[in-house]
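Letters A, B, C and D mark the chains as written, and numbering starts fresh at 1 in each.
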Amino acid sequence: MTLANTQPQALEFDCDTGNYHTFCPISCVAWLYQKIEDSFFLVIGTKTCGYFLQNAMGVMIFAEPRYAMAELEEGDISAQLNDYEELKRLCLQIKRDRNPSVIVWIGTCTTEIIKMDLEGLAPRLEAEIGIPIVVARANGLDYAFTQGEDTVLAAMAHRCPSEAPQLESEKEERGGITKLLNFGRKKEDVAAEQSDYVDHPPLVLFGSIPDPVVTQLSLELKKQGIQVSGWLPAKRYTELPVIAEGNYVCGINPFLSRTASTLMRRRKCKLIGAPFPIGPDGTRAWIEKICSVFGIEPQGLEEREAKIWESVEDYVKLIRGKSVYLMGDNLLEISMARFLVRCGMTVHEIGIPYMDKRYQAAELNLLAQTCAEMGVPAPKIVEKPDNYNQIKQIMELQPDLVITGMAHANPLEARGITTKWSVEFTFAQIHGFGNTRDILELVTRPLRRNENLKGLGWNQLVKEEANV
Amino acid sequence: MKLAYWMYAGPAHIGTLRIASSFKNVHAIMHAPLGDDYFNVMRSMLSRERNFTPVTTSVVDRNVLARGSQEKVIDNITRKDTEEAPDLIVLTPTCTSSILQEDLQNFVERAQLDAQGDVMLADVNHYRVNELQAADRTLQQIVQYYLAKAQKKGELPGDKTEQPSVNIIGMTTLGFHNNHDATELKRLMAELGIQVNQVMPEGASVKNLKNLTRAWFNLVPYREIGPLTAQYLQSEFDMPYVDITPMGIIDTARCIRAIQKVLNQQGASADYEQYIDNQTQFVSQAAWFSRSIDCQNLTGKRAVVFGDSTHAAAITKILAREMGIKVVLAGSYCKYDTDWFTQEVGEYCDEVLISEDHGAIADKIAQLEPAAIFGTQMERHVGKRLDIPCGVIAAPIHVQNFPVGYRPFLGYEGANQVVDLIYNSFTLGMEDHLLEIFGGHDTKEVITKTVSAESDLSWSKDGLAELNKIPGFVRGKVKRNTEKFARDRGFSEITAEVLYAAKEAVGA
Amino acid sequence: MTLANTQPQALEFDCDTGNYHTFCPISCVAWLYQKIEDSFFLVIGTKTCGYFLQNAMGVMIFAEPRYAMAELEEGDISAQLNDYEELKRLCLQIKRDRNPSVIVWIGTCTTEIIKMDLEGLAPRLEAEIGIPIVVARANGLDYAFTQGEDTVLAAMAHRCPSEAPQLESEKEERGGITKLLNFGRKKEDVAAEQSDYVDHPPLVLFGSIPDPVVTQLSLELKKQGIQVSGWLPAKRYTELPVIAEGNYVCGINPFLSRTASTLMRRRKCKLIGAPFPIGPDGTRAWIEKICSVFGIEPQGLEEREAKIWESVEDYVKLIRGKSVYLMGDNLLEISMARFLVRCGMTVHEIGIPYMDKRYQAAELNLLAQTCAEMGVPAPKIVEKPDNYNQIKQIMELQPDLVITGMAHANPLEARGITTKWSVEFTFAQIHGFGNTRDILELVTRPLRRNENLKGLGWNQLVKEEANV
Amino acid sequence: MKLAYWMYAGPAHIGTLRIASSFKNVHAIMHAPLGDDYFNVMRSMLSRERNFTPVTTSVVDRNVLARGSQEKVIDNITRKDTEEAPDLIVLTPTCTSSILQEDLQNFVERAQLDAQGDVMLADVNHYRVNELQAADRTLQQIVQYYLAKAQKKGELPGDKTEQPSVNIIGMTTLGFHNNHDATELKRLMAELGIQVNQVMPEGASVKNLKNLTRAWFNLVPYREIGPLTAQYLQSEFDMPYVDITPMGIIDTARCIRAIQKVLNQQGASADYEQYIDNQTQFVSQAAWFSRSIDCQNLTGKRAVVFGDSTHAAAITKILAREMGIKVVLAGSYCKYDTDWFTQEVGEYCDEVLISEDHGAIADKIAQLEPAAIFGTQMERHVGKRLDIPCGVIAAPIHVQNFPVGYRPFLGYEGANQVVDLIYNSFTLGMEDHLLEIFGGHDTKEVITKTVSAESDLSWSKDGLAELNKIPGFVRGKVKRNTEKFARDRGFSEITAEVLYAAKEAVGA
């Protein structure tokens, strides 16, 4: 790699008209209900919300999952019905049918517009029916796609206990991760192993990722002697981590700014602002930052990163020197761009629905630095991009790859532009060293496919091209 | 509030957008919050559409809410008017934005001042009608708009086409097998010597709508989308219409005969009887299949049908009349169309169920234990859980309903395709049973779950042993019938003798 | 019912050219391997035999069943290979893979023509590999379709033990049916119940029917105080019934004449010549005949039969007064015709592949008598019918129903003739009182179906009819 | 002797009878024992044929064996000649009767003395060739017979048709989707402006065979049946032929270009490039599907293909070239055609397997664990047992291969149908996986069978716990790869850490 100019250029920011497409933030129920196994998510909204959940996730879910709609009907909108009684009826039915440990109410645009007082109703109903009710306003007026998770985690942050439980049995229960890591080992071994850890203040990580990735990242930190005392969210609502004043917290997803500020302001935690553990470069930077906060000298990380890069060279060589355009969809864009630049790509432009420059500061710095190190221009970052303008630009620039939302992928492909759905990165396992191959498998798939088809000359599959 | 896990029909704005984006060079502006614009995703992903969906969201966010949306909506309309020069821009809110009770009609009028193309507000109540009703209404609204406009300008042609001609009304984007149905109907019309004046809305241009009245009649193959337009054209322009769905051999013939009548009333001398005979008996394979030995084995088998009005009614009639299959339940989720549906299928099934609650339908299926289901993707999954085969005959739309190969449901080739669907549903289910019967029994000692302890009667060991000799796929039924018999006769224990006595007495 | 003339007319017999179609007798493996659960059937023949088994049974069997082909190749036909060594190799493989209690060698036309000495090879190989080998010549030169079962049962009749085993454990094992009937009862109850039975010489029934029907018929006889001491075949080869000299035997299928004569001549049994227990009339006659042999006054049989008829009146009325033509296929034709006449049908002609007038004497008498009682002409019985002539006759007579083999059903239907596959009666449960509804369900199905289609006018589905 | 549970191709006489009964007004006399005549059942039941199968068995029984069959065979030939007045009677023995080593040629000659129609003995070795080879040979024999006869009589036309024309050779009764393929090829020829001189043998008359030579060229779409005839016509009458199977977009284009070349060599000036382009990019949906997002998700998935030469080779090429799917094994049961097959698929798959032993193929599939199989009915059942979806692409014929609806494999519509077949095979399998992933995990504690004790390595409890978090459909693979990794590195116990180390190292 050529290290032309290691002085980072300043990143250019812009904010466009906002006629862009992304998924509704209520999407988050699709992965959160799986992550939190004893939960039930109730989306309070219209037929429009319900039909979205049913259709747009790319797969119709047929079994009765642990989420449902509270579909508002005309009587609810015109306030002829009593919200409390209606919600009580539905929650009692959920309690009877599924008996979850928590019901999460997901507010929508409609509950905002009709000013339904969910936060006011919840405590009363919680007391009456005896199940915790968490309220999250995952509405499209204020949030985009993955930020739905942010609203839920911010709401749950309030529910984490502030001190370790007194009862031994309860303690056992909350031991989630540590217990897992020690699963099946003899007590003495466990005790002996505690000495593997450095003595440091409690660290809680936040962000919803599949359990295997939780284990991987926890093991990663353990190698540096760092013990993760809990994850928000945990596998079960009843295992929410203990969060005490002065604890350290660190996010693993770039769209969790609200959760971060809640933990800082309301729970008085100290936020470790690090790049996100996506790609080997990001993962290394993330660990290094945490180590530095705890005054630990990281061990073997450089070699580790180098080895990972070596092992994925077969994929990296497919994209090195190529260009990519990120239309903006899931707020993972900065991390993805930084990783792809590190892989040797040039980034034309990064669209992003929402840009919290403070929470993403470390990631933005790493992006600028990576661009400088790789000798490529720093991309322009456009918040709330205008899709129409983007597509015009793409047709001119003819990037080698466009990472885009689902609505534009087929039409771009029909015009000879290679695309990848951004939403796949939302659902795939992309965190940590071990998943580098998985991201690259996704990124390179359309390139590999179209390389394969190239010889066939089927690039323009639309007849007369009207003005886009 | 309604606790809902699944919906059979989408919200109203989806219907409006299906109509708008079916037309050529029509753009829709959706006035809605971020995330309500998944119609574009559905169209692109499900129907594998090559073109960008001509729908732009004028995003409602917190700022817009605070400032009012008028400026933004009008800006977006005029901007699209400039950028893409559509013939028509249709504005629609969604369930959410319709609550804001803004004067959207006024926005439209203001925008029309600057726009070169036409601008229109889709006029539907987002809480009272669903996708299908809204689509039917929006199509009628657009047609009415352009005919009124032409009339005003004196551009409405007064004559009919020289040759008999037809408008085919109701083909839309994201419609269940609509693209292939349209092809098949065009072929059918060609064979009948009828010129196709227009097919709409899919692929039609609003500029040509003024010529609609030149056709001799309108053909409305679907019950859900098209009737309002046909009724409007009849009452305003005296255009007759045929609304018999040409699905299955019998109703295709009925539809053709109705067309013949309509043409001859206008002075033609069409005689399609020989065509019908030849198609029915020799060209299409469906009638022959009905008579063949394969189909004989389906006689009296029990089926449940569920879907939209059009497909559920048509399939019920095909099963009952053309294939001798017993429809134990026919149902539809088009609650607003209950009377028509009940009348159509009444004599062809044991029971009618009109409901939007998928749980109620699933329970019915579990209770009736049919040999096959013909339903939506939801019933297919119910069938999977219950191990009952299911053929998919109706929307909600799914990527599998956009096959690349030719799969119409209408006309004579449609009748062939429906035969395959029905036959394969039964035989693929049958295959498992045959494998069970013929697969040899190398010590299958397990008592299946249908033989559970849930019953109030006890089975003796020999009774159970006999029961377990009965093939799995009828065992549940035999068990229930035997228990009913035992209860009626006051037996407390079911022995092998009781089992066989029950078989003799009630054919258990 | 009108009892016009109860003097039976003489039945007319004929034998035609024999250009007729029926299944190969090796078909029997398809049901016998299921019936005898510890068996393995090895069909020794050509690719032609194997392809038949695979295709013509109407269903392709995909799992490895307990039957297979020993496919003769050019070297076997030209006797370049040693038959004994070849068969040994295959049987050892079967022993290794499936370990059956018996291997049944099914000889075919080809083994006949090349004069392979299966009967000579079997005892040597049986001794060498330690598994009983039964040889049956189910070839198409001598037999038709269901007679394959006859050849197998006749061969097995030789293997039945002639006296009860000495060991208690073995006795237990051979107690098959009796054990089943007493299953789960206390010892004392069983002992007490033995008194339900009249004291009569041992009775063994022969013919392969599904286990539930075995139970039904055994229960039927028990009601008259008759104890069935065994069935040939039994559920397992190791449970073959004890057959001693002087025992009574009775067949339940009309195609078992060879088995009957083997039991009489070789095992010195007394054959009870009865009509076959098909239809309530046949079942009653069968039980009465057995009772009469043992000097028992049958109880309640008349009422029983009447009740069954009453319960199937809804089906019977669909065929009463209608005509039927049996083309001849599975040797069940006489019993079927007799039953259908009793249901009120007229029989035009009965084709049958093979007619043993002695073994079927009682059934033939019952047919003549039934025709007389029902006031319909006695049908002509044509052995080895000529299909071409039959079809010409059918097109002239236009019977309401034709029971035919699989090759002719679709073409007849296409010409407006209602048909039923004879082969379905081979596989369905048609024996005993309790299965009357099942036979009628099959018989009436095409009539119900075509009644349903009648209004549609789709009767002639062939265009120009060439001479048949 | 060979222990056989299943056969991919039937015995020789089936091939001969398929050819004879494909022609119009040709009768076959099968000299065979009772029960060998199940061809009539197969034709009637599988292809749901409306007409009686024109095959009569001259039954060989014990008496005939004793007396000799000459009289009976000749009687039956002359009888049929009188009764049905066929143009030709074809006599064939079966495996069984061919052992008798009678002089059947002499029987035929004797019968010919009395018969009005022609009489012929099908000349194949019943122990050396199978159904497919026998069919290829019999067709060539009949063609040769009639061309020689015409030549002798001086009735052979010397000219070509005015317009470019083609004979389509190889369409037979009981052929895999042959009826729809024939329709599609006729449509294709019409669009290319090529007149169809004859299609044979299905529906052809032997009386017209003398006109075969008037066509400009022969088209042989299948590798199994037709080539011998085309080669004969080339060597004797200098007729060029095209034998590229037009299956899939690429090979359809290749076939059309070969036709263009053949026509232009004879003085035509055909230019089909624009037609090919338009079909490929806009009319057929197959090329667009390949480029679409749905298909992107198939990239790199692993498939096993098995069938006859024609279909297995064509599907392998479509999967590899047109859809980017990795064919880990391509196989054929046409052992006699090994060289051709290997050469055709060599560069498009990892491994080639030519075998008639279904067990060997099943074992391979179990070992390779592909994401989908494309094979015969047998492989479909193997797939069912292993829970791997399978699309059926080749004979042995099954009633499901006689769909009533239009389902060609050849030409542009065939390409569409093949896309559906492939896509549905993967997605229906995928659906189960998605349901597993998205269906929620309400305490699934069961360790699946793939995680069995069969391995020599022990899994720690935390390792097992992690393994069980991996979705079921990849768990087996992850387990094996991890164990391989552990073995290579000398770990005796697999902990969570080892599992993730393996993932990093080998992408387990």
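Simple rule for what comes next: contacts are C-beta pairs under 8 Å (C-beta built on N, C-alpha and C of every residue); 3 or more make two chains touch, one makes a residue touch a chain.
Which chain is which protein? Per UniProt: A, C = Light-independent protochlorophyllide reductase subunit N; B, D = Light-independent protochlorophyllide reductase subunit B.
Quick caveat, the model's predicted, so the values are computed rather than measured.
Q: List every chain that touches both chain C and chain D.
A: Shared contacts of chain C and chain D: B.
Q: Between B-C and A-B, which chain pair shares more contacting C-beta pairs?
A: Answer to which pair has more contacts is A-B.
Q: So, comparing C-alpha centroids, which chain is the farthest one from chain B?
A: C
Q: Calculate how many whole Å lie between the centre of chain A and the centre of chain C, each centre taken as the average of the chain's C-alpha atoms.
A: 69
Q: When the C-alpha atoms of chain A and chain D are each averaged to a single point, how far apart are the two points in Å?
A: Between these chains, centre-to-centre, one finds 49 Å.
Q: Go ahead and note the Å separation of the Cα centroids belonging to chain A and chain B.
A: Each chain's C-alpha centroid was found; their separation is 38 Å.
Q: Could you list the positions in chain C whose residues touch two or more of the other chains?
A: 62-63, 65, 406, 409-410, 414, 461
Q: Residue numbers in chain B touching 2 or more other chains?
A: Answer for chain B, listing residues that touch two or more other chains: 45, 48, 50, 288, 292-293.
Q: Chain touch graph shape: choose line, ring, star, complete or other and state it.
A: If you draw each chain as a dot and join those that touch, the picture is no line, ring, star or complete graph.
Q: Where do chains touch, given as pairs?
A: Chains touch in the following pairs: A-B, A-D, B-C, B-D, C-D.
Q: What residues on chain B touch chain C, complex-wise?
A: On the chain B side, the touching residues are 249-250, 280-282, 287-288, 290-293, 295-297, 299-300, 321-322, 324, 431, 434-435, 438-443, 460-462, 465-466, 469-470, 496-497, 500, 503-505, 507.
Q: Residues of chain D touching chain B in their complex?
A: 45, 48, 50, 285-286, 288-289, 292-294, 399-400, 403-407, 413, 416-417, 419-420, 423-424, 427
Q: What residues on chain A touch chain B, complex-wise?
A: Checking each residue of chain A against chain B gives 18-27, 44-48, 50-52, 54-56, 58, 60, 62-65, 68-74, 76-77, 81, 86-87, 89-90, 93-94, 108-110, 113-114, 139-142, 144-145, 353, 388, 391, 405-411, 414, 461-462, 466-468.
Q: Which bits of chain A are touching chain D when the two form their complex?
A: Interface residues on the chain A side: 30, 33-34, 37, 59, 61-63, 65-66, 180-184, 210-212, 215-216, 219, 308, 311, 406, 409-410, 413-414, 419, 421, 433-434, 437, 445-446, 448-450, 452-453, 456, 458, 460-461, 463.
Q: Where on chain D does chain C make contact in their complex?
A: Of all residues in chain D, those touching chain C are 1-7, 10-11, 13-14, 33-38, 40-42, 44-46, 48-53, 56-62, 65, 76, 83-85, 94-96, 99-100, 127-128, 130, 377-378, 381-382, 385, 396, 398.
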